[in-house]
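One chain, chain A, links the two complexes that follow: it is found with chain B in the first and with chain C in the second.
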Partner chain A sequence: MTTTQATERFIIPIGPQHPALKEPGHFEFSVEGEIVTNATVRLGYAHRGIEKGTESRNWTQNMYLLERICGICSHIHSTAYAIGVEQLAEVEVPPRAQAIREIVAELERIHSHMLWLGVAAHDAGFDTLFMYTWRDRETVMDILEALSGNRVHYSANVLGGVKFNLTEETAETILKGLEFLEERTHHYRRVVENDAFFLKRTRGVGMMTREDALRLGVVGPTARASGVDRDLRNDAPYIAYNEFPVQLITLTTGDLEARFLVRIDELLDCYRVIKEIIAKLPDGPLTVARMPRKLKAGEVISRVEAPRGELFYYIRSTGGESPDRIKVRTPTLCNMGSVVTQAVGHNLADVPMILVGIDPCFSCNDRAIRIEGSINRRHDHLWSWSDLRQYGIDFYRRQLDYSGEINT
Partner chain B sequence: MAFTNNLLSLLIFPAGLALLASGLIFQWADRKMLARFQNRLGPRWFQPFADVVKLLSKEEIRPKGAGEIVFAALPIIALASTLTAALYVPLFGLAPIFSFPGDLIVTIYLLSVLSLSIGLAGAQTRDRFSIAGSLRVFTQMFAYEAPFILALLTPALALFISGTEGSWEIASLVDVAATKYWFVLIMPITFVVALIGLMGKLELPPFDAPEAETEIVAGALTEYSGRGLALFTLARAVELVVGLTLIAALYLGGVGTGPLAPVLFMIKVIGLLIIVVMLQTLLARIRIDQTVSLWWRIGSILVLLQWVLLIAFRMLR
Partner chain C sequence: MNPQSFLELIESNQYEWANTTNRPGQNRFDIDVADGRLLDAVAAVTGLCDCYLVAITGLDPGVESGQLWVLYHFAHRAEVATLRIILPREMPIVPTISHRLPSASIFEQELGEVLGVLFVEPGTDDPVYHSRLFIADDWPEDVYPLRKDFHGLSEPA
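Then we have the complex of A and B:
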């Protein structure tokens, strides 16, 4: 009877348009009654051609383009890029700039985790927690606005430093806001730990053992909730994390509750480290004296800890004004495999929780994808990198022809 | 003259238009209070009215594969049965419009027709979210229905046990209740079960798994639009009023007499609504399997416990 079962599967499609997803992604869950028996994922709906776009912009312009990969963790993208480029340019960023970068990075982490807490609560049908966390998230948005003038794309980095200073006045605003947030976060921790109805939805749901986490290559808070002690801020300190280290927070239970608690504990640690930086903010200039316009040929890998996990940048220069290749890998891609694995055997009702447990960010995640063995077999020819590059060049040349430009 | 009076009370007040309007006002109060508890602004008072009017004026799209007659009939049946149920309960603290021995049982069954219609409405379309949703509607119905019915029958049963004035007629039960202590003091357990059962029936949080938007979009009603959706919305609104009225009449000391009785009665009903809203604010949605185990493992046992207690007190006395 296995064959009939296979053909008569009842598939619940989630996405690309679905109330559970605020961004496009497509999941197919085969269910038997309420139990998920199989899960597949299809990504790539929000591919924006950013990597290709970087190749036709200069080093400075790319900072702004890459910052827009993600709306939530914009600063960490530009930081990863800036660190890489500064390494290629062999410039030393002044310590005050590094410290301000860390402040913004940690504020962004607060903002991201708060947002996640609300979204996750909403997926559990706990809208009260959702509304409260999003209300309180406004505080950190206000702080970021006071600091940078913007709520979302703070645009804090420039190549070789930061754009704005931290004045006494803003420092005071930050400390005041953090005090409020700290109090609220303690409250949310109690809710997440003690609310009986909420615990029914989180405790023991979406279990992932340490072995599984390592096998699936999971990163960030999702991995740390499964006892993987991996945090780039500790393992390979960048910007000012050497001077102002953060605490590595891990839990071993590996269920959804652990993912909540790890993120909430990280919030509390963020507050601590920001206060510490403000207290001991080093003096000095905000940018390097001179940032070269052209970079030497070479390649560099820069890794940073985004709110969702390890963010990876590969930057290659051939000595011009713009990069030869930039490759971005966002943490969501690493974590996506764990969703499909964990969902099997769970209730359909738990699936949105499991999905949101990794804090997915689809638009950040969607680079070029290659689908093997999929339904769509129109292009069975695999393109090599040079093919693609040539295709890109030809494509844009055709575009120029159309607009009347003269090409040779 | 009697005919005109009957017609008026059926179509205008207290049933009919007044009931529909009060249903929408209750729905607004529910949404507004929930919003205020959640630190939001919430809708303005005419929002539910506007929603219904707008839906009624919209085109209704019937999906492929849905039976034409059934698709159109189910919302009407749902609304008609909830409106009929309203005839036997003391709406706004006034005497029930119609009454006959055994109408308590009929009312309880009429109240179930809404869930049944919603479930069938989902099951007869080919949409996967609808089918999953209707599966949950039926599962949930079998979970809460038995404890809920038993809990509503308990006041009558208690009167029968005590040997005086027992009846299956709502009107006479309400009159008896007004002369005694509030039944909630004697039977607190079944009161709680009845109130929470009503939340299950209306698919309010935490029992909103059948329409969990993050999983199955709008559940069984995903394919409904326009008039059908408006009628289902109205049916739900009316059922909220009827259910709260019934519980308040049975458990919170009936209606009473005097010119102020209707006002006092409405205060009780609104008090119940506030409790319902608070529960909605406080609790996270529970999974459908957890709903079932909650009702069968705890709900029914509690009702039986209440009955055992009632009988035990009777024996001791």
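Then we have the complex of A and C:
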């Protein structure tokens, strides 16, 4: 009887909606007893038609569309796009704007890594760490709001530069916030390295050798935790990374603990580089004098280091106001394949941690297309641009009283 | 390895599978691959150094062209080499490179679903991918959203 149970194989479906992650993805794990013997993945539950959508929008509109691929790494998407378009337009962005782009990119990395740290702690059952990291993450969200007016979609970039300046007052706010975060991050590092119960969930779990990471095409902190020395901020410096370089952080152990430590050490380096930029911020304008509305024909490739790893944009223009094709390859797409490979041989209970170890982003991953219903029928899921615009006007009109003040 | 040497290595070879080459930027090198020689091209480029497949881009240059393009981007540090193959629009069949590069599998699957390129086992007509990874299960067959002649579904999927 016992023998029969041990050799019997079950397939356990998980998702698309499941408690391990707040985004949808479907996995099927074959298990023998508690041990995973095979795994498959089904993606696409957050498809929004963004790549197709870029073909019917002009170069400026696409900046805002592409920024909305992801709520966590919105700035790096718009930066990758802006770099490519500026290359096509043959304009040179002023140094001050490039430095501000790097500040926002590194603040975004802090936001992303701290969010991940909390989610990963939650999946490990360590909710105290989750609550502390998310409380402290508010500091960087407040900084981003002080800088840009927004907590999530900062809209820092415009084609040819940036939208806002860094004032002395905002710089003070950033430095004060970073001082607090640095102290907290050192504390998190001690917890992650020393808490005996937490180490049971991370040390030696989800092992991926350097050879496996290379074979599977893994990118970002997940790859660097397996000894892959790739970081586009060093390998192909863009915006201001030549003037304000970052430290390449790698570990060779290749387990979940290494993925925690690499990201935590990257946080510490983010604080360092932001402080350095603020201290040496170049003077000058925030944008180019003129950014052409129509671009010549051509194709460019833009590669940047998003918080989760290499983000790739291919942009093709046939000449005119809109792109012919924009291809986006996000880091999660590269890392997803490693999850099913790592899961095999582990306990089923380790799977949520292995999945979260790559810091997956399904919004980044799923972009292609899903269209339902006719755009003309009321109450359908798909609204036209004019429907949305009218809804916005009506919504805010309802919020206004006759004195013109917003009702709360 | 010298950071410049990946592209220099490619450039220094006279590949019989290369139709035309182009250097569109300091860190880029594009090669148009001859019909049926993709696997040779991938083997040659990946054999030069520890470069990696960054992405596969599918592209519809327009209905009137009668073509679909597939671009394989390989990177080493700052440098990117792109292998371009041109497929007939009516029968866009290409051998998978996932046996050599497992990371290609997810890129090929995405491209197959959104552009209608059929990836087959090398030397056969057997499709490699039989289920959908990205597009919804109820999405109609033979409708590929990234083709230029797709302007939306007239009926709900």
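By definition in this document, the second predicted complex is superposed on the first by the 357 of 408 C-alpha atoms of A that agree within 3 Å, B and C clash if a C-alpha of one lies under 4 Å from a C-alpha of the other, contacts with A are read in each partner's own complex, and residues count from 1 in each chain.
Keep this in mind: a contact is a pair of C-beta atoms (placed from the backbone, for glycine too) under 8 Å apart; a residue touches a chain by one contact, two chains touch by 3 or more.
This is a predicted model, so every value here is computed, not measured.
Peer 1: A:Lys280 in the overlay: touching chain B, chain C, both, or neither? Say first, second, both or neither.
Peer 2: So A:Lys280 meets neither chain B nor chain C here.
Peer 1: Check whether A:Arg42 is in contact with chain B, with chain C, with both or with neither, and answer first, second, both or neither.
Peer 2: A:Arg42 contacts chain C only, not chain B.
Peer 1: Kindly classify A:Lys294 by the partners it touches after superposition: chain B alone (first), chain C alone (second), both, or neither?
Peer 2: neither
Peer 1: Taking the superposition on A as described, I'd like to know which of chain B and chain C A:Lys327 touches: first, second, both or neither.
Peer 2: Only chain C is touched by A:Lys327; chain B is not.
Peer 1: Pick one for A:His122: touches chain B only (first), chain C only (second), both, or neither.
Peer 2: Touch status of A:His122: first partner only.
Peer 1: On chain A, what residues does chain B touch that chain C touches as well?
Peer 2: Chain A residues touching both partners: none found.
Peer 1: Looking at the complex, which residues from chain B come into contact with chain A?
Peer 2: Interface residues on the chain B side: 37-40, 128-129, 131-132, 135-136, 205-206, 208-209, 212-217, 281-290.
Peer 1: Which residues, counting only chain C, touch chain A once they are in their complex?
Peer 2: So the residues of chain C touching chain A come out as 24-25, 27-28, 50, 52-55, 57-60, 71, 73, 75, 77-78, 80, 82, 101-103, 105-107, 110, 113-114, 132-136, 139, 145-146, 150, 152-153, 156-157.
Peer 1: Chain C touches which residues of chain A in the complex?
Peer 2: Interface residues on the chain A side: 41-44, 47, 49, 51-52, 214-217, 235-236, 298-301, 303, 310, 312, 314, 316, 325, 327, 329, 333-334, 336-337, 366, 368-374.
Peer 1: Note which residues of chain A are touching chain B in the complex, please.
Peer 2: Residues of chain A touching chain B: 10-13, 18-20, 31, 33-34, 121-129, 131-132, 135, 195, 197-198, 200-201, 347-352.
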